[in-house]
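Here it is: the structure, laid out below.
Here the chain labels run A, B and C in written order, and each chain numbers its own residues starting at 1.
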Amino acid sequence: MPDVIDQLKLSATGLSKQFNRRKIFHELTFTVGKGEVFGITGKNGSGKSTLLRILAGVLTPNSGSVEFRVGGAAIDPEKVIEVLGYAAPYLMLYEEFTALENIRFFSEVRGLPFDTVRARDLLDRVGLPSDRRDVVHNYSSGMKQRLKLVFAILHQPPFLFLDEPTTNLDQDGIEVVYSLIEEQRRHGCVLIATNDATDITRCDRLLDVTTGEVSEAAR
Amino acid sequence: MKSTSSWWKYLLFVWIAVWSAVGIVLPIAGNLADLAYLKQVNAPGEIQIKVDIDHNLPAEFDPEEGMFVFQGTDGGGRKATFYVPSKPEGFDQARSLLVEARYDEDRHGVRVCQVVDVDPGLTLPYIPGLGERARIIFFHVPMAWMTVIAFLVSMWYGIAYLRKHDLEDDMKSANAAGLGLLFCLLATITGSIWAKFNWGSFWNWDPRETSIFVLLLIYGAFFALRSAIEVEEKRARLSAVYTILAFVTVPFFIFIMPRILPGLHPGSADDTSGGPVMSSGGLNAVMRVILYSLLAGFIVLFAWLMNVRNRVSRLLVRTGIEA
Amino acid sequence: MKTMRAVWAIFLKDVRSEVRTRYAVNALLMFVVTTLAVIMFSLAGEVMSPSAQAGILWVVMFFAAMSGLSRSFVSEEERGTTFTLQLCSGPLGVYFGKLLFNVVLVILLNIVIVVLYLLTMDQFVINQPGLFWLVIFLGSLGLAASTTIIAAIIARASSKGTLFPVLSFPILLPLLMAGIDATKLAVEDNVWDAVWPDLQILGAYIVVVVTASYMLFDYVWKD
């Protein structure tokens, strides 16, 4: 059923990036379709996060292009952030606000109505206490990581980008991430940048950023 | 090894040298109208004027005056009686004289103090208040123009970078700005030294001085910004944005403010002679030719220096000396 | 419509953040008080002409703006939240949200400056209050407009603060000259006609800078 696959698709064509004329990666081409969990692997400094940023449209590649398709129609580059959720260690939250205030801002800035009940549900979902009144600054790094997951799934995006999603998390938190991944598989797709062996077992296909080769993951 | 012909470089240097020499050497000669103007503003003094001798009228030594008296006209058709202490050499063959003269109140004529030249060739006009100092125009004005042209070239390549993300364009933008800074300094320094002698102080905050000062600041800020950014792509992007931003605000100074605010430069709001030096009818043909020739020479010089600097930059990048 | 919501959300976020941390406001108020104190000390009872006082007023406003208005973008960069914002708002929402915040901040700031100035400088009398406040208002808009885009540039250049006045001054000079001139005229009891050219420059300046920033912000904001 090709039309089903085409309904939701992320395709990258010939992506290359260099910083100060130093080559990071070269000519990456791949597509990710609905229901897929796509792993991005590579050594430290090989450009996994750089690739995710380029896919998200925040960083401009030196060459190549990225296309998002939802419901068969290509998404305007300006509107990619509306169909995209992103969580990463280098993504920072507003630490002078509480978790609910953060969620409120992220809802409002995306033009979504803020709903306390739903916000509390989301906090429950990632295992954060929904009644905490103190600011995010006082949270541990694991709790911040959980809140970042809320940031990623808040607007129910069809494309979910997770950069090292299980860092800083305890076993309970890791389970939360994996259940999120499985849930996302049902209505969209997931891209994970990771070197963690357990994370990799969750992926269907793997991209090696250095060589540019895509392989089926051993599950 | 590719050999490049360099005859045009020699030609360029000769061109600039010759026109500079012409600008410096050509005598400045006023006319009777200038003398009348000086008398009118009560600033009687000797200036050089060029006079065509009217050989049809008597020219002889007047013992009563103790002077040699002759009739002459200037280029503008005014006539006057001239008084010289003794008959100039070669007077009978000469068609015109270049003389140092002043208006003589007692005789209602022109008192010639000294004959500078017989049958002078091309001359530059006398500009009241400037005199010999008018020659600055040939150097100062092209420098100021080059400052602006270099700025435009820098912005042009900045825009090209934003469109195509090619670091080559950014390099050209920076090199053009470097040359622009040089021209800007030269324009400021030449203007400032000249201002000391003509307007009495090195700096007067006349609107046009302010505008060149702002350009100097912008060039300085441009390089300060560049040196603060490590990543080349980011450096290229942000400096291009800054150049464009500066360009849209600076015209307030270069083109609007100097024309609506009173000032000392030609073309200011309180200057009745009309537009700025370049566009006014005030400049005579000879001055125009020298000015435009030098401007053309400097533009080619700029293009050549740009080319050299770009080649040097490319070599530095290729050898990895400079990222 | 969506952009409007984002603008408002970012504005509110910055206001709440400012209310909670008082980072910019405290620094700005202290800056204004110390600057005025230095001016008072250095004058030591000397009587200044009203036009000189109008000029000094702009010195205070300019440096106060320089000390506080870069916060809006630099704080995002310092907290590492630039990337977060890039992911949840388009560039226009960010630019106009920050611009709105800076406009409100600089207007409040300049009102405080003028009031303190009136209280401390006995001889400072405004002959044309309506015109005077109009000039201060337009000047504030212009200050906010140009410092917002420059703040974005220096925040992205990750050089905190030192470059801000260096980059801002040339861009701000047309505004400062027209603003100082107009303020002098308003203080010295001049009619509209005399101030009109300056008001035109101020108005055109604001339009030009905001339009240029609007078109260029994308390049500053995206890496």
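Here is the rule we use: a residue touches a chain if its C-beta (ideal position, glycine included) is under 8 Å from a C-beta of that chain, and two chains touch if they have at least 3 such contacts.
For clarity, every value in this text was computed on a predicted model and none was experimentally measured.
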Based on CA centres, what chain would you say lies at the far end from chain B? A
Taking every chain's C-alpha mean, which one sits closest to the mean of all protein C-alpha atoms? C
Rounded to the nearest Å, the gap separating the Cα centres of chain A and chain B is 63
What whole-number Å value describes the gap between the mean CA coordinates of chain A and chain C? 38
On chain A, where are the residues touching two or more other chains? 60
Multi-chain contacts in chain C: which residues touch at least two other chains? 223
Tell me, which residues of chain B touch at least two other chains? 233
Residues of chain C defined as touching chain A within the complex: 1-2, 5-6, 8-10, 12-13, 16-17, 20-21, 79-81, 83-90, 93, 222-223
Contacts from chain C onto chain B in the complex sit at residues 146, 149-150, 153-154, 156-159, 163, 166-167, 169-171, 173-174, 177, 197, 201, 204-205, 208-209, 212-213, 216, 219-220, 223
Contact set on chain A toward chain B in their complex: 19-21, 60, 62
Taking the complex as given, what residues does chain B use to touch chain A? 165, 167, 230-233, 317, 323
Mind listing the chain B positions that touch chain C in their complex? 162, 210, 214, 217-218, 220-221, 224-225, 228-229, 233-234, 237-238, 240-242, 244-246, 248-250, 252-253, 256-257, 260
